[in-house]
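A, B, C, D, E and F label the chains in the order they appear, each numbered from 1.
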Amino acid sequence: MSDDPSRLTHLAASGEANMVDVSEKAETVRTAIAGATVTMQPQTLQTILTGDAKKGDVIGTARIAGIMAAKRTHELIPLCHPLLLTKVAIEIEADELLPGLRIRATARLTGKTGVEMEALTAASVAALTIYDMAKAVDKGMRIGDVALIEKTGGKSGTWRKGAE
Amino acid sequence: MSDDPSRLTHLAASGEANMVDVSEKAETVRTAIAGATVTMQPQTLQTILTGDAKKGDVIGTARIAGIMAAKRTHELIPLCHPLLLTKVAIEIEADELLPGLRIRATARLTGKTGVEMEALTAASVAALTIYDMAKAVDKGMRIGDVALIEKTGGKSGTWRKGAE
Amino acid sequence: MSDDPSRLTHLAASGEANMVDVSEKAETVRTAIAGATVTMQPQTLQTILTGDAKKGDVIGTARIAGIMAAKRTHELIPLCHPLLLTKVAIEIEADELLPGLRIRATARLTGKTGVEMEALTAASVAALTIYDMAKAVDKGMRIGDVALIEKTGGKSGTWRKGAE
Amino acid sequence: MSDDPSRLTHLAASGEANMVDVSEKAETVRTAIAGATVTMQPQTLQTILTGDAKKGDVIGTARIAGIMAAKRTHELIPLCHPLLLTKVAIEIEADELLPGLRIRATARLTGKTGVEMEALTAASVAALTIYDMAKAVDKGMRIGDVALIEKTGGKSGTWRKGAE
Amino acid sequence: MSDDPSRLTHLAASGEANMVDVSEKAETVRTAIAGATVTMQPQTLQTILTGDAKKGDVIGTARIAGIMAAKRTHELIPLCHPLLLTKVAIEIEADELLPGLRIRATARLTGKTGVEMEALTAASVAALTIYDMAKAVDKGMRIGDVALIEKTGGKSGTWRKGAE
Amino acid sequence: MSDDPSRLTHLAASGEANMVDVSEKAETVRTAIAGATVTMQPQTLQTILTGDAKKGDVIGTARIAGIMAAKRTHELIPLCHPLLLTKVAIEIEADELLPGLRIRATARLTGKTGVEMEALTAASVAALTIYDMAKAVDKGMRIGDVALIEKTGGKSGTWRKGAE
């Protein structure tokens, strides 16, 4: 997106923040995958996973919240362009070693800008929703590793975490 | 908020997610402070901090985004109550050891429910905004340590991270 | 709310629509319960109820959508006041005789205005979400009986459907 | 949209709700028409229709509310895609036999997904707005027959109510 | 609100923008009235006023838009507090001398902060809506005199335009 | 957009307001530039411009608010189409002769409808944000000259203020 790695594209010549002009960019299929974790007490994880019929609701609610948040990314992040997401999917899995839950959010569209922020926002809001639903039993939960895992499409092509 | 630590208050007897009834809770002054970090390449931090007039914009934009997001927490987190925030403040500081930026968000209100989610949402969206504004030079940035630092007010009183 | 049954309170003397002034109304606990039905093919109901693990998601997603919509009622209905809901709950049950699903939405707050519109909006959006999730197999579904079942609190006191 | 009538397209293999991937669908002109009714006391209908200059406002306000709601469908219905509506129109007519008002909402776009939910949401919110503006004189009003009347465009082609 | 006229209350000591803490402010009835004008070609005004049945719609639509915008002021203006408006009213009158339309918006609540921004936002959005609906015939219209006319309530008491 | 200058395109034959059908319009690059002024006391302008580190925040916050508002124009203006802005930029300059600040907002997209309302909404909300941030020291500020400066693209081609 920039040949000069020290140039932040959201900043105009004078240093003022403005929405980057993407009018001339090509419409291509673009995908982004982002991850996040919610680390918690082992008992909190068990309550979420084995509680009577509760599992479905905590994880299911977080998934819905993440999907809905992806659609509102441009309202939350000041310089993001509005765009027409064609897919959002959220996977949430237990990880006994954290211990806690691992979130993976995928966003896709055919358009002029990438969807990294949509995937990251989906993962973040899914994580915040898990915190909200379990905070009555564990206020010390911690959200971490909110990061881009992979992006494809667009002029800059494919990018993978750890393969820089 | 619950004597039985295995009870998730957002779940009805039958395990269905519903908004907790807070009609009978007292109106008290409630404050919550949440933190988050954005870890990045040293050069990215320098670009943000020393670029020509750019610092103010990246950090200033993130602060505004976090404040605005706090006000919309109940739209994003399915079971959060709408509430009347009386204060939101965001502090963002450089930390050369991360290296990266540390975010601290404070939310306050006089009301029937706590503002933990508002502080956490503010910190998360401020962090996502920093990611957005610097991602052209560093896609490998990582948001972490999104956690409650302190809460005061309400029936459950004061809680501090690490003092459980 | 009006002694003259022909007076629509949202209309000023000149017939112009404006938001009613509730500044002088007392803050009381107010509750409203609204209902709605979604009538569908028997096979559609069975697909929702008995499909492999699908039940939880259709009904669970509709419940979350209804709760979130209740919080945004004042954004959708032009002359509704913003208010601080203290509870929203959605129940959804199968009714083989419709055949279809019955929705019951409860809204509550301590405030100056009633929450009838919040309960009705929650029931409507839960019903629309069921339609959305099952429309691939049954476009002929019909939403009906969207009506107030009961309201309590406020100057006009208790009202029950059928007991007028 | 599906050859297997028992398959709900919003549900992934594992039964988890996710937004359907429409990246590969063709952009075509798609139209949907939905209807709704608001049944009320004869006197309520007369108040709306013959009140001094009031008619325009109740019906006009409901029409505006329905149009604005259509644009926010993807914010309300969790798994709806954001899309670029090119037309929304709402017609509202009195029906002395109900007695009450009949609403007809039309939505159109050139895009990858149908606009059934946009038309249904527009009709529902127009009906809710009528309820809101007349509830001071008639809390027993009932919204019904919220249903798709016709859709055209897209892979599944034309569908008409009653012609299945 | 400040004894030192050079102190902008939204700015913290370090010059960073943050939402002012109003936790300690008293809840009082607060009212604000704001005005705006839309200046246009005489023929445009006549088209709005005398067109067949058109008057109600342009002016009526602008009034609804202004009321709805008042409720979303805190989403638009970064440092505004969310609040519970108890009244919003918009009056729009023709002024042949402008020539054009004069808008007057009134907002009221019982709360901890003033409603100047809500009245100003309502007037602005009503004016923008008039522009939108008539721009096909007159792109040269001009919105002006967007200003506070009067405010009452709160610690600083009554303020009237021109009486400073 | 209309050969008959007395025809307001938002009004159907019967005078009812509806969203214009743009399904058949061509996708072209369209740009609009709008302006606005905020007139204030000379001392208020000095406070904004020379206060310790304050300048960046008032003007920077207003710029962010304007950009974010542009993206929400279709939520605020009832008959505006949702669209995919590809660029929004806000410039704010001091004008000692007003005295006050001059705002210039540019909006661009490739699409079926013009972006005049997006530019005008951006300029208006930037102006309202300046008012909000300085109102503690100067309630008599006045927003004026909110007008279209230039538009290009679309069937009606280029239009410039004063060149009609």
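For this structure, a couple of remarks:
The rule is simple: contacts are C-beta pairs under 8 Å (C-beta built on N, C-alpha and C of every residue); 3 or more make two chains touch, one makes a residue touch a chain.
Small disclaimer: the values here were computed from a predicted structure and weren't measured.
Minimum number of contact steps separating chain C from chain E: 1.
Judged by shared residue numbers over all numbers used at their interface, chain A and chain B contact each other through mostly the same positions, with over half in common. Bringing chain A onto chain C by least-squares fit of CA atoms involves turning it by 180°, to the nearest 5.
Of all chains, the one whose CA centroid is most distant from that of chain C is F.
With every chain reduced to the mean of its CA atoms, the largest distance from chain E is reached by A. With centres set at the average Cα position, the gap from chain B to chain F is 32 Å. Computed centre separation for the pair chain E/chain F is 16 angstrom, with centres defined by C-alpha atoms. Averaged Cα coordinates give chain C a centre that lies 37 Å from the centre of chain F.
Shared contact sites, meaning residues of chain C that touch two or more other chains, fall at 16-17, 56-57, 60-61, 64-65, 68, 72, 75, 78-79, 82-84.
Taken as a graph of touching chains, this assembly has some other topology, since it is neither a line, a ring, a star nor fully connected. Of all possible chain pairs, those that touch are A-B, A-C, A-D, A-F, B-C, B-E, B-F, C-D, C-E, D-E, D-F, E-F. By the touch criterion given at the top, residues 12, 16-23, 74-75, 78-79, 81-84, 111-112 of chain E touch chain B in their complex. Chain E meets chain C in the complex at residues 29, 60, 63-64, 67-68, 71-72, 82-91, 108-110.
Those residues of chain C that touch chain A in the shared complex are 56-57, 60-61, 64-65, 68.
Residue ranges of chain D in contact with chain C, taken from their complex: 1-2, 5-11, 14-17, 43, 47-48, 51-54, 56-58, 60-61, 64-65, 68-69, 72, 75-80, 116-117, 120-121, 124-125, 127-129, 131-137, 139-148, 151, 159, 161, 164.
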